[in-house]
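Take a look at the structures listed below.
The two complexes that follow have subunit A in common; it is paired with subunit B in the first and with subunit C in the second.
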Partner chain A sequence: MRALLDDVIFWVLALLAVAGGLMVFRFDSMARATYALLTSLLCVGGEVLLLGLDYLGVVIVLMMTIEMAIMAVFMVMYMMNPAGLMPMTMLHNKQGAAAICAVVFAVLAAGILLAPWPSRRGRPPDDPTMDLGLSLMGPQMLTMMTLGLALFATIVATVVLATRRGRYDRFGDDLKARRADDPVRGGTGR
Partner chain B sequence: MSLELFLLLAAALFSIGLFGALTQQSIVMLMMGLELMLGGIIVGAAAVWHYIAPAAADGQVLVVLAVTVMAVEMAIGFAVVTALFRAREVDMTDMAAELKE
Partner chain C sequence: MPDAAPLWAAVVLPAALAVAAVVTAGFDAVLSGSAERGPAGSLREAGLRATAPLREALRLLVQQPRRTTAADRLLGRLGVVLVPVAAVLAGAVLPWGSRAVSDPSVGIVWFNAMEALAWAAVWLAGWGANSALSLIGGYRFLAQGLAYELPHMFAITTAALGAESLRVGDVVAAQDGLWFAVWMPAAFVVYLLSALAMAFWGPFEHPLARDTAGGAAAELAGVDRLVFLGGRWLLLVVTAGFSVPLFLGGGHGPLLPGWAWTLLKTAAVLALLVAGRRLLPTLRMERYMELAWMVLVPLTLLQALFVAVVVLNR
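Coming up: the complex of A and B.
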């Protein structure tokens, strides 16, 4: 009974994920495309939950919800036609890309079906989350540190890219200005 | 449910995302394609953990890695779009390619 239920959940989530993924690039409205992507990625989170990774599944679900909300804000800021009021197409080289993707899927599927997968070794721990935490703080510490460094670099790079006034605006093209040219002068005696 | 079914789902998501990343002109839509590809990688990593080596945590670490890559890709992508848009009012890849001419 439990296995049957798992099967049904798997197929429902898998079909929803693939359908949502397809609809992302079929909708002519950016907002609808965002929600289709959200559906697809929430189903990915559901599949991860189904595989017994409770913590990671919930993390994915929460992260995708917030990420798509932010994405919707950026859509409205930058994109043309956020509400799909005008029919439009924003594709280039559709046939070529479709052929490439069909070949990629065929190769991956052939590999998946033909590879002699090893049989399952060991049993999942009682608490996979604990296992993950111990691993990240132990043998996989280097991974964790690299991820932390990458995230910090991302914060810095994001601020640098998104800032309106860089150092060349403030100190001149040769960076030789003695005082920064700011709209509001800082320091004492302003 | 079996390993093959999960991996086929992962391959389908990856291929759809690749199609989006190759065809879309709008930079934000292109990033949506990349997100779908990473979603496929997450499903694949979780399935490999569950069906091949559940005793080791390496599969879970791979999922954490993919989720972090997603977050970084999103943040840097939006920062680049912001910088491009502020400099040139551009939000499409083809228009951005013309900038260098």
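Coming up: the complex of A and C.
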């Protein structure tokens, strides 16, 4: 009974995820395309929950919701026809893209069907997320930490380079101004 | 450790949250009424003011919905409906006394994820109407989210860190002796601020502010408006209610049973928020953004560091 229910949930989520992914390319409107993608990703989060990876599943839901809500802003900003009021298409190089998709799908499906999956030994761990994390990056934890710091430093550096008004614009060339010269007053009053 | 609640709790939960939302809205209406028109002269007058939100809800039920040109009805409706749905889903991990509708091992992350859904929903509702003012309201809430979400996440992470668990039941159990609000005051205050911001209510109602004729809700009328604004009250009740298991010891307390303590503490937090609203003007987002990132993020990080050191030395 439990297994049957799991199967039903798996297939419903899987079909919804694929349908959402397809609709990203069918919709005219950037807002709809973004939220179709979010639907698809939420379904993937559901599938991960179904695997018993509670933490990863809920984090996927959390991160993807925030990410897509922000991405909608950029999609609307940069794409022509944001609201779907004029005809447009998200597809470029249709035949090439279709061929690539078909080949990737075939390779992945063949991999799933042909791989010699091991049968379960022992019983599932109490906290599968912990075990997954350990097996993914256990021996490379130092590398991962360094990588995380480097990525974060890159983000900060990019923002610093891209920002139009730096501290010299705000506090004068000698950084001695007591109040920042900001176009909009307020904030912490510096 | 809370026991699993019976199945009917899942049915009772939305109704209980709705009742709490109506009572809170009534309390706010009484305070607003006495601020605008002086204290209520008679008991009847006070009752009339307290039931004003209910009468408004009934009026909205029969009001004609508004149609706008070339509206994205699918996304707009989705946004409107998602607000109360996300609030109730977040409420599923709220423990009442020693029981919650559900107490998953990652309850705190679940709560945060549902809040994020409500955050996206307001933008959808603002976008759907194809109206400039409501779109401005939607964008304002996105900006607001960027301001409050980081300090908020650090605040709830701090509570989880103190209990060394993401399970809400464990967080309550860890406060058997000492409430987290006592030794994590910064995280508690930041949580209360972000609870208001999350419900885009009170000083954080900029997304729905008067200067944009109602912002994200500008074009909503009839049932749509009822569901959206009612969902906002639900969100306020749920976020305020979640501060009880996180920081105020959940159902722990002398004499009274757990559910009574939960109710009392939730009512106290809500009363504090509703009464405190009258002390603060509506905040512009760029102002709160700077405060949030320059002051609150370092503050909550220091708070988390302090808690981490305490936990390591335990």
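Methods note: the second predicted complex is superposed on the first by the 136 of 190 C-alpha atoms of A that agree within 3 Å, B and C clash if a C-alpha of one lies under 4 Å from a C-alpha of the other, contacts with A are read in each partner's own complex, and residues count from 1 in each chain.
Methods note: contacts are C-beta pairs under 8 Å (C-beta built on N, C-alpha and C of every residue); 3 or more make two chains touch, one makes a residue touch a chain.
Not measured: the values here are computed from a predicted model.
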**Prompt:** Of the two partner chains, subunit B (first) and subunit C (second), which one does A:V12 touch, if any: first, second, both, or neither?
**Reply:** neither
**Request:** With the two complexes superposed on chain A, say which partner A:L149 touches: subunit B (first), subunit C (second), both, or neither.
**Result:** neither
**Request:** Give one of first, second, both or neither to describe whether A:A31 is in contact with subunit B, with subunit C, with both, or with none.
**Result:** second
**Request:** Kindly classify A:V184 by the partners it touches after superposition: subunit B alone (first), subunit C alone (second), both, or neither?
**Result:** second
**Message:** Between subunit B and subunit C, whom does A:V58 touch in the aligned arrangement: first, second, both, or neither?
**Reply:** second
**Message:** Contacts for A:A69 in the overlay, against subunit B (first) and subunit C (second): which applies, first, second, both or neither?
**Reply:** second
**Request:** Give the label of whichever partner, subunit B or subunit C, reaches more residues of subunit A.
**Result:** B
**Prompt:** Considering each complex separately, which residues of subunit A are in contact with subunit B in the first and with subunit C in the second?
**Reply:** 59, 70
**Prompt:** Contact residues on subunit A for subunit C in the complex?
**Reply:** 29, 31-32, 35, 38, 54-55, 58-59, 61-62, 65-66, 68-70, 72-73, 83-85, 127, 184, 186-188, 190
**Message:** Going by the contact rule set out above, which residues of subunit B touch subunit A in the complex?
**Reply:** 1, 3-9, 11-20, 22-26, 28-29, 32-33, 35-36, 39-40, 42-43, 46-47, 49-58, 60-61, 63-65, 67-68, 70-72, 74-76, 78-83, 85-86, 91-92, 94
**Contacting residues of subunit C [partner subunit A, same complex]** = 70, 72, 74-75, 78, 104-106, 109-110, 112-113, 116-117, 119-120, 123-124, 127, 130, 139, 142, 145-146, 149, 166, 284, 286-287, 289-291, 294-295
**Asked** Which residues, counting only subunit A, touch subunit B once they are in their complex?
**Response** 3, 6-7, 10, 14, 17-18, 21-22, 24-25, 30, 33-34, 37, 40-41, 44, 47-48, 50-53, 56, 59-60, 63, 67, 70-71, 74-75, 78-80, 90-94, 96-98, 100-102, 104-105, 108-109, 112-113, 117-118, 120-125, 128, 131-132, 134-136, 140, 143, 147, 150-151, 154-155, 157-159, 161-162, 164
